[in-house]
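Report on one structure; see the data block that follows.
Letters are used for the chains, namely A, B, C and D, taken in the order the chains are written, and counting of residues starts over at 1 for each.
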Amino acid sequence: MRFEPADPSFAERTRASFARQGIMDHLGARLEKVEPGRVEISLAFRPELSQQHGFFHAGVLATIADSAGGYAGFTLFPADSGVLTVEFKLHLLAAADGERARAVGEVIRSGRTLTVCRLDAFVEKAGRSTHCATGTQTLMTLVGRAGVKD
Amino acid sequence: MRFEPADPSFAERTRASFARQGIMDHLGARLEKVEPGRVEISLAFRPELSQQHGFFHAGVLATIADSAGGYAGFTLFPADSGVLTVEFKLHLLAAADGERARAVGEVIRSGRTLTVCRLDAFVEKAGRSTHCATGTQTLMTLVGRAGVKD
Amino acid sequence: MRFEPADPSFAERTRASFARQGIMDHLGARLEKVEPGRVEISLAFRPELSQQHGFFHAGVLATIADSAGGYAGFTLFPADSGVLTVEFKLHLLAAADGERARAVGEVIRSGRTLTVCRLDAFVEKAGRSTHCATGTQTLMTLVGRAGVKD
Amino acid sequence: MRFEPADPSFAERTRASFARQGIMDHLGARLEKVEPGRVEISLAFRPELSQQHGFFHAGVLATIADSAGGYAGFTLFPADSGVLTVEFKLHLLAAADGERARAVGEVIRSGRTLTVCRLDAFVEKAGRSTHCATGTQTLMTLVGRAGVKD
């Protein structure tokens, strides 16, 4: 799908908002790609991100996937609007055993009030990528809420 | 619902597994209650856990909710079995604006292979609790996988 | 939860809208209860409603559950507004083997634009009720769309 | 994705099972395509399939989407095994206003016990196709259950 961003400064706004998410820095997440309707976030493995078997915790994947989807939607929103996650679902397809995780959010449907995204996460180990999570997400565009513009 | 745990040492096993989840310590999460089919996890707010508006990030709530549900199921599993999240969904009902978050996982259906849990999250601010997230989760019992017993 | 309906004629409007859903009559579904934020629909088993093992098809449960949730939300909407399902998820907890199915929709969160409901379905067989499905649903209130008022 | 069916008679078994789903005939649904890991079902509009605005009811789309996904998974299952829907989620992306609906189920992950599918539904009106629903589904392979082989 091809999307036309409503605000030409969508990438700067997205990067600025990402920088305000304290959890991204705390996890070590990086905003890799910001395209109209598509965002990628990556994360290097550390024991601080693990579940009990030493793999990425599903919630850590959910965190970067939720932000990837939220910002994918945000790239298409008007200037001075904010983004809110309404709900999301994630299937864990394979053990998230890897040196690096990557989350991709992509807009499926872009509406005035609601946006639907697909979320995917991959882990890379010894040069091989495994699709470890997939799901969907509903976002809401917030317009005219005092002070909310990301 | 009342559940009878298959393993009388369910609470010790759950606490030991929780202690191995590196992300729980990294977020500052605490295992508050471990009952048959029901687990509570709490988390104090810090700027390191925030999204762009300064509230708890939805992924942080998802992380403690996923573990609360996973361990709620795990309390009913046989000894020497492990737990795996198959999928979960979370609705964000209200801004997670608070000094503390609390996630509750409760078993709805306990099966030999699959378990279904309800997930809820609350934030507390100035003594008032707000129901900020709800959802459901499917878990799988892993039996006889080498080395997997939590 | 207690909800105060915005429109005192909520029950009449709900019953009139239900009567316009052609599929309800085609399945044989009946609107059993209409309360503020809570609706029940029932359905007698017929071979025409079955999946391959002779039980209620999951989609048939989803159909009455979706309408039960949609109308549960609708009871709280302003007059002259319409209801739209944004998304729903359903877990199949047990074989839907029974003489009768019953779906219950209950509002968890009632907002100006979005409403979240819990969906449950039960089957009755030889006087015994089994909880066979559970899930959640997001609804949208449609205001000011030409001709849409249910 | 390319999948290798475990049972060369997968298409015959799928068609025979579909023919036993009473609801498919009651709705007027047809099994259009049966490929390894991918199944399509179509349905002509009738007022008996409608919600209150005269479009396909979301539950009707869910019914054909659930069967499309279930049979997509089933095409890859061993002979003498059965299929069970564990859960599914569906987003309604656009009004299902059309003369015909089409549901596509596609396997994303094929496992020994669990299979994950993507579900999509489209409506056709005046020669134009609209993507009206999307979602995901978890299936379980039933092996060695007396009498269950579809």
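Here is the rule we go by: a residue touches a chain if its C-beta (ideal position, glycine included) is under 8 Å from a C-beta of that chain, and two chains touch if they have at least 3 such contacts.
Remember, it's a predicted structure, so these values are computed and weren't measured experimentally.
Two chain pairs are in question, C-D and A-C; the one with more C-beta pairs in contact is C-D.
A centroid comparison over C-alpha atoms places B as the chain most distant from chain D.
Over half of the residue-numbered contact pairs of B-C are shared by just one pair in A-B, A-D or B-D, which is A-D. The distance from the centre of chain A to the centre of chain D, with each centre set as the mean of the Cα atoms, comes to 29 Å.
In terms of their C-alpha centroids, the spacing between chain A and chain C amounts to 32 Å. For the pair chain C and chain D, the distance between mean C-alpha positions equals 22 Å.
Residue positions of chain A touching 2 or more other chains: 86-87, 89, 91, 116, 135-136, 138.
Listing the residues of chain C that touch chain B in their complex gives 89, 91, 93-94, 108-109, 116, 131, 134-136, 138. Note for the complex: chain A touches chain B at residues 17-18, 20-23, 25-26, 46-53, 57-60, 62-67, 82, 84-92, 135, 148, 150.
Across the interface of their complex, chain A is touched by residues 86-87, 89, 113-114, 116, 136, 138, 140 of chain C.
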